[in-house]
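Here it is, the structure in full.
Chain lettering (A, B, C, D, E and F) follows the sequence in which the chains are written, and residue indices restart at 1 in each chain.
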């Protein structure tokens, strides 16, 4: 998604984008950048005795990881408006591989230059489980002058 | 927030947490981890001719950065449920310093062990501008056996 | 380049891919990963008295950076065969922004499944100077069964 | 190599430099810095069904890693001229340990101050397999005034 | 420690702070930042034939890691004076989880605004072994005007 | 130092090793790895109103950075015993360049295989100020069988 102009989207349109494996390197790197060293992510002993039984990725990492999965084409994407209905449904363990599903659920022309595309996003792991859902609102150009 | 048991929160309760400066190192590191190298974040020439006039931080980085600002106490925080009403209101430029404001806007006991605390979060830069707002829903223990 | 099957390329075909700004974060990160902390890259005092007058990016970083500029489509790219005629023509200073130009200069079918596309690559900075040229040989699928 | 003046090299001279283990941290870090998140490097599921059966390191990472293995002495090395005959011969898996072999194959005095040393470099893994060969051309000082 | 004013400490006071798991990502990242790529940390083959039989974390990483375990409260901590009696007692392997023990062993008022708190610090792994001991001297405020 | 056998050192022997520039990338990277995000290092606004007037590098980063400046030769260095008299004398600002001075102040043969070399280390910035001193004790082999 986010690789074509606003008026080319249709409600109900679906696409799947292959993603990548969330590794310990991602978790340690993310913890360091955002400053969230919560022991469930960083302490193997603590995590072993938690309800998850092992270290899990940060929710914010899982959600953010989607932005490296779907296309973001310069000249098309104007701005990231926001999100709704973000829910973390299942843990992402170190070594899980996520894919990203998009379904267009809303189209709202803002002016002659751009419109908001609302996409229901589902991140799914290699076991087919949905781990994180979210509705993303992206401002998309209507043509070459839209940004 | 997220440093005391569920029953100790009150609707309307407010706190401010000092944050940190979002630097180019954060932006380059975040881009690398999540795989989002959009030129508005990574290409100074592209950014110069954009509506922002300079490189800006990723929305997901700004939002995620909050998790390094507020306290997350082991034994208190059970899980990150999700978010609603996430909106990006203003750009965060490289070198901007963000603080994090929390206001409790919802309390819903889930069972005898834990409840969901809903917090309206505002990230504000050193010029006092709100750059990102979001409502976070966190599952918080009601006591030592809550996690 | 590297976003279509082997038989779709033509000798002389040219494309330009926008790149990104090589920052101090890239240089420090690259030095750490590959273990090359040569003072021309890492020591501002040393660099100031060098022929360049300031720190410069590693040649290997500049060359490698190209791989984040041109498209690499799964199912199309089979393998990276090698390179010839790699030359570093001008320094890349911290803060320089590079673009990547490709011209197809060789096409050699290997078998029914794949062929080698040879591309003359020029990395050019925001002042229009070619900083690094190289001929890349990439094994490209001839169709869906090519990888 | 690259730890003595130009006139001290001899054609045929050979040296071996111990290297290091290419880990998942290197691969994830390198992908992030250069922006190459190709699934063969980053997606364990994709890699499992590839001809390699598992994730492999980027060719550019393997090649660049050599620069952290051989000595680079300030005052000796003037500039990195370029490379020829770079070939990737075998995959480098995450966890493979590489060493670096150098053989001087060319010596060309440029002027009274410096000359180009051409070295045939072979990166070999712990199983003794050559994974990457390249001919590096380095401009080396002929004495203390050479840089 | 380092979360209350100078006059609130008592000689003999003890606290334990849960830490985190030292992973390969920490070791590779630390090596890159400080530039210490010693093969005992970075080369699995070399480490296998060493007295430790496997890669170990840098002593400086282990020691520095403590600073992410104990609290450091703004307005309380004035400066890091120094350390004495730093000893590395046992190796830290990749995957070991460290905790941090503090005992106050010295209190020296410097002036009306601040005093030096001396703490004997023991880093202990998940097998209960002390891996690094050190005496830290921290300048701590005596009140809100102390910094 | 640490590039020759134990019996080759002499009390009073001095050497200077050129170092590198401590940048914001180092500080942000180090903070992330060790988990110390103290605002004096990470928050430009906080640092501006501190006694230093600007962000400073972590003491542990400055001290650890020395390990990337002096030589550490495999087969020579057996172990890092510990340190004494570590003192932080002046702040290191982002952009400062440090060098490393060593003076041998102690030699204690441990057995026929190795001995402890004690070195007084001074890290000095580009203004000539000593920023950190420490006495390092390194176990050094007495010959090829010493490790």
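Everything that follows uses one rule, which is that a contact is a pair of C-beta atoms (placed from the backbone, for glycine too) under 8 Å apart; a residue touches a chain by one contact, two chains touch by 3 or more.
Quick caveat: nothing in here was measured; it's all calculated off a predicted structure.
K.L.:
Once the contact rule is applied, which chains count as partners of both subunit B and subunit C?
P.N.:
Looking at subunit C and subunit B together, the chains touching each of them are D, F.
K.L.:
Determine, using the mean of C-alpha atoms as each chain's centre, which chain is farthest from subunit B.
P.N.:
Chain D.
K.L.:
As a quick test, compute the distance in whole Å between the mean CA positions of subunit C and subunit D.
P.N.:
16
K.L.:
If you average the CA atoms of subunit A and of subunit C, how many Å lie between those two points?
P.N.:
Taking the mean C-alpha position of each chain, the two centres sit 29 Å apart.
K.L.:
Could you list the positions in subunit D whose residues touch two or more of the other chains?
P.N.:
Subunit D, residues with two or more chain partners: 18, 20, 24-26, 28-29, 32-33, 35, 37, 39, 42, 46, 68, 74.
K.L.:
Line, ring, star, complete or other: which one describes how these chains touch?
P.N.:
Shape = other; not a path, cycle, star or full graph.
K.L.:
Hey, which residues of subunit F end up touching subunit C in the complex?
P.N.:
Against subunit C, the touching part of subunit F is residues 18-21, 23-26, 29, 68, 95, 97, 126.
K.L.:
Would you mind writing out the residues of subunit E in touch with subunit C in their complex?
P.N.:
So the residues of subunit E in touch with subunit C come to 28-29, 31-33, 35, 37, 42.
K.L.:
Where on subunit A is subunit E touching in the complex?
P.N.:
Residues of subunit A touching subunit E: 24-25, 27-29, 32, 37, 39, 42-46, 55.
K.L.:
So in the complex, the part of subunit A that touches subunit B is made up of which residues?
P.N.:
The contact residues of subunit A facing subunit B are 20, 26, 29-30, 32-36, 38-40, 46, 50-51, 58-61, 63-65, 67-69, 72, 74, 77, 79-88, 147.
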